[in-house]
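Shared between the two complexes below is subunit A, which has subunit B as its partner in the first and subunit C in the second.
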Partner chain A sequence: MPRKKTKREASGRAVATIVVMRLYIANDAPNSVRAVANLEAICKEHLKDKFKLEIIDVLETPLRALADGILVTPSLTKVSPSPAAKIVGNLSDKRSVLHALGIVEPVE
Partner chain B sequence: MKSNLLARDRNPPRPDPGHGFEGRILRLVKSVPERRAIESGQIDAVIDPATGKAFLLPDAQQALREEQARVRGLLALSSDWFWEQDEHYRFVSHTGTASGSSGIYDESIIGKTLRDPPFGSMGESDWQAHQRLLEWRATFRDLELRCTDRAGVMRWISISGEPIFGQQDQFTGYRGTMRDITQRKQSEALAQVSREKLAERTRAEQGVERAPGNGAARGIVSRKNSAERRRQERLLGKVATGNPTANRLLAALPRKEYQGLRAGLEAVTLTYGQILSEPGEPITHVYFPIDCLVSLLTTVEGHQALEVGLVGREGMVGISLALGMDVSSVRALVQGTGTAMRMNAARFRKEFRKSVPLQRELYRFIHAKLAQARQTAACNRFHRVEARLARWLLMTRDRVRSDQFLLTHAFLADMLGVRRVGVSLAAGALQRRKLITYTRGKIGILDRKGLEAASCGCYEVIKDL
Partner chain C sequence: MSGKKAAVPKILPKIATGIPGFDELSHGGLPRYRTSLLRGGPGSGKTVFALQSLVNAIRQRQEAGIFVAFEENTRQIIANAASFDWGLPALARNKLFFLDAKLSPDVVKSGEFDLSGMLAMLKAKKEEIGAKWIVFDGIDVLLTLLQNPLAEMREIYRIRDWLTDNEVNAAIITAKIHEGSSEAVNYGFLQFMVDCVVRFERRLEYGVALHRIEITKYRGSDFVAGEFPVSFGPSGMEVGAPEPAEIRQVASGERVSAGFERLDTMLGGGLFRGSSTLITGVPGTSKTTLAGKFAEAACRRGERTLFVSFDESADRIALNLTSVGINLKTHVKSGMLRMYSSRTETIGAEDHLVRLKSLIREHRPRCMVIDPISAIAKAGGIAAARAVANRFIYLAKDEKITVLVTAINEGDEPETEATDLQISTIADTWIHLSYLIRSGERNRALTIIKSRGTWHSNQVRELVLGAAGPVLADVYTAGGEVLMGTLRWEKESEEKAKTVQRRAEFDHKRHELQAAEADTRARIGALQQDLERQRLELSMYSSDNEARIVSSSDREKELRRIRSADPAGRAAAGTGSSLAKRRASDGSGKRIKKEARDAA
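Then we have the complex of A and B:
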């Protein structure tokens, strides 16, 4: 059973791009836990409600991951908007995650 | 999920002997970023397309194994039981009877809710409040309940739970923990009683809190009168009207009578929301409140309950017994947590038959209750909510002997037989006149005289009864 975490856009009619992502993890293994936490922090800061995230446990559904072309966990894929992107590891390097998700960090 | 992992741990994936673990990974993972991530220790598992299975890297395996050992260790240490309820809040499973120390969590609770026996100290208002929480799918913590175990012994449990949701995010029930807190509750009750005894003794030694009385020394609940105290009493030619921590009805009895009763009395802690009797049900005990407050409610089909009387330290709950009836005609709901002395029905009947002073005191009290109920009936029909609220707050104050007490909107609405909006308006009006403060169910009386003026005349009439 994939663990799903879905956040829908609040309401706004304004056309906002919703980033759809899938995070592949291995149960409660240390890097997987860290990746979830890192990604949650990034989404909260940069995407607010404008994202959909599905978390897939490869120990339970390895074939699903294989079908998506995933070999190692944790891995994060951006499904939409295109271009699709993939990043592996525990997502502690925030800059490369933002880059993969196509988020431009506001200049301070 | 965990169990899958356990199985996995018992048979850790062995690398292909001919090629070695490292070689296997290198064969599977070819892209540079993935290899780099593995080298920097950021990868937990690799999926082998050949077997279609994921295997954990050694570090992750080790970490998960340690984690599981820790969780198992904590579970073994904990005295909690785990349970699950379905979407109708009925128990479907539990891990009970692990320690075997109490038999409340056996199969008898399967299919039951917390409202059904063997649970059952939750008052109507508490149950409604709890259900509201459940309907909001809220997490609840440390809900304290009484229940009966297999041996029929009364026990206390503390229960916490959180909602569970299925794959499609639909609500499927609750799960949580349950703990036996009987011992804690008992020691709390004991501590309360000994605190009271100590306070009594201190007061007695200081010779304060005394006023003229008209009989023999008034007995105080399970107190040993010291020789010093008796000497002081003789000297003063007065007797104490009873310690403020005593029940006035008991304190009004001549000492000899009281001594006779004492053996049959036991101190109990009554908690908010507890129901002491229901209409039509046999009365098992009579209660002499000391610092708790009991509401007498009449239920009318299709409506909320309406308060018809209030019993505090001036009286007794279970007067039907004194009138020769074994069943209660009202619901007696504990409204202020505190201590009471209680006596079982059989013993009370016997004592009541043989003690004329007890009869006299009780008849006087019953008369007062009757007059109070009559006055309340008229008051509820004719007087404004605001005046009735003022009266009711004053009556409560007289009985709990405190200007501060906790009462919810819903509860006040029940007491006054009005909707909650009515209570809000009335409380708001009294608050604007700076007579009371009312925040989050906490009521403070600021100006007693002013509140008396704001109340209807009924307060004056029933105050002295």
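Then we have the complex of A and C:
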């Protein structure tokens, strides 16, 4: 079973390379807290250790977030591999997150 | 918020937007340290208002600003504002920060989000550039993305709290809010949380877009209620606020020609410099000709003149006026005269005003003609046109321009004009042209209805157009009316015939009198001769009588002598010698002889 899954993931190119992401949050704002939890769950389930996540607290480094083109919080950006993607919200809609990150969800 | 309000002094501090007209309407601008909401449909001018306020704050008070654009990106906004002379790209480099807050369509939405991050970024940026103004443009776009009325409410609260914590001189929120829309609950709250609400409207009237503005709420302050026209010119938006009650124009006693001498005479010497003149009349009463004559006279005096004509091309007018001896083309060539013509249906009355203003700025005229000003009422309703006409005349007065406007009035009664543009009350001089139809003729008549501060003729005069220009005919009155056309001609001819007749009669009488005089003179001569003769006779008679009286006294002496016993012979001898003397001259000797005899 694990072999088969690996094959499918390989065809989905998801774990072939490391996914680099940045999550912009507003400290402990409810949506931000929820987003961190949701993202961690997704990564654990679909990316194992093949990801690199940077969590940026906009309240601490607002000008950097501004330079990064962030508007609302929470915001998740996929830096690599291309294509780049941007997701806003608390990431409660898992399907749309996976789709945006280019991770093909297992059938079933 | 309420605690803060209690600390506010009685006079609410305000901050000027620098938008012409709005600061007058709001008695000073937007509430300082507070939030104002600009609401209205798309294209109603909210963004321009907000941006212009920011630009003015930077240019006039060096106050930096932040513009958060939820609806359009920075590039679009700068491009849209390029038609205004704000120099926005230069300002955007240092004093004005644009935040592109438009979520790209590529952005995937997954669950709820909020503005806490954005507000933190704005706070940092505000502190970095020292921003004193902030604009949230198109907040409705953001709220729509939240897709949840509760979330919307929450974010509105968040913004309010942020604004309270991060005091700025003024915050402006713009939102597309339509009356009775489904989002009314939250927008109601939005209106509640701000201290000032300005409603913007763009509507079509007779196919012309008209912009309106209205202050619907101003917490703790008085404001001018009602809807006011908005126009867009090269310097941005302008609100047609009612003119200040105080009229500042300085009256001039200098007279300028109204066009030709006889009209000046009727006006007691001409028009006052900087005054406004209204010429009304039905079509064809030669309003344009009088206006052209006025313009030509001004150019001849060397005064820069602006001739604005509506619905007829400048060329056509110049050509038409050539036929009555008015030459405008020479002055156009020399640059003294600027002719501008514009169609009236295509743009609103407000835009005409803006164009006229820029024409005045460019040409700097001392005299100006608008022919006919009533044409601006064609596009977009009478109320706007009325306001514009009034403002235009006040503008000309402020600029000390002697202005002459014409207005077409339907019907022949000048009073009907009062229901039209109502400019007759603010014009200093009002000349009415009409047709008088009598004995099968139409003749142009000119009346001066009023002329402020000067004597003017009260007579209805006939206006005759000749190859040398308009002329006021001599006045002939009959039966209490001024005669015109053929009747005047007849009267003139009659007067001429009478003169000839009078002259003939006079000559005849003179001859008669001369003859009579000669006759009298002759008679006087004859009488004089008689007189001379009679005089001579009289003098002769007088001396003879003297002699007679003397001799008679001698005789008495003689008689006395004789009676006192003198010899008769002696007496006879004495008397004899005197008698002989007497006989030679007079026939009275006989009587004396007899007496002598009796005595003897």
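Rule of thumb we're sticking to: the second predicted complex is superposed on the first by the 92 of 108 C-alpha atoms of A that agree within 3 Å, B and C clash if a C-alpha of one lies under 4 Å from a C-alpha of the other, contacts with A are read in each partner's own complex, and residues count from 1 in each chain.
In this section, a contact is a pair of C-beta atoms (placed from the backbone, for glycine too) under 8 Å apart; a residue touches a chain by one contact, two chains touch by 3 or more.
Since the structure is predicted, the reported quantities are computational estimates derived from the model, not experimental observations.
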Touching partner for A:25 - first (subunit B), second (subunit C), both, neither: both
Most subunit A residues touched (candidates subunit B, subunit C): C
First, second, both or neither for A:17, with subunit B first and subunit C second: neither
Subunit B versus subunit C as contact partner of A:89, first or second or both or neither: both
Partner chain(s) touched by A:65 [first = subunit B, second = subunit C, both, neither]: both
Touched partner set for A:80, first subunit B, second subunit C, both or neither: neither
Footprint overlap on subunit A, comparing subunit B with subunit C: 25-27, 29, 31-32, 58-59, 62-63, 65-66, 70-74, 87-90, 92
Subunit B-touching residues of subunit A, taken from the complex the two chains share: 1, 4, 6, 25-32, 57-60, 62-63, 65-66, 70-74, 87-90, 92
Contact footprint of subunit C on subunit A as seen in their complex: 24-27, 29, 31-32, 34-35, 38, 58-59, 62-63, 65-66, 69-75, 85-94, 96-97, 99-100
Residue numbers on subunit C that touch subunit A, as the complex places them: 99-101, 103-104, 106-118, 120-121, 123-125, 128
Residue ranges of subunit B in contact with subunit A within the complex: 1, 4-5, 8, 28-29, 33-34, 37-38, 40-47, 49, 52-54, 56, 59-60, 63-64, 67, 167, 169
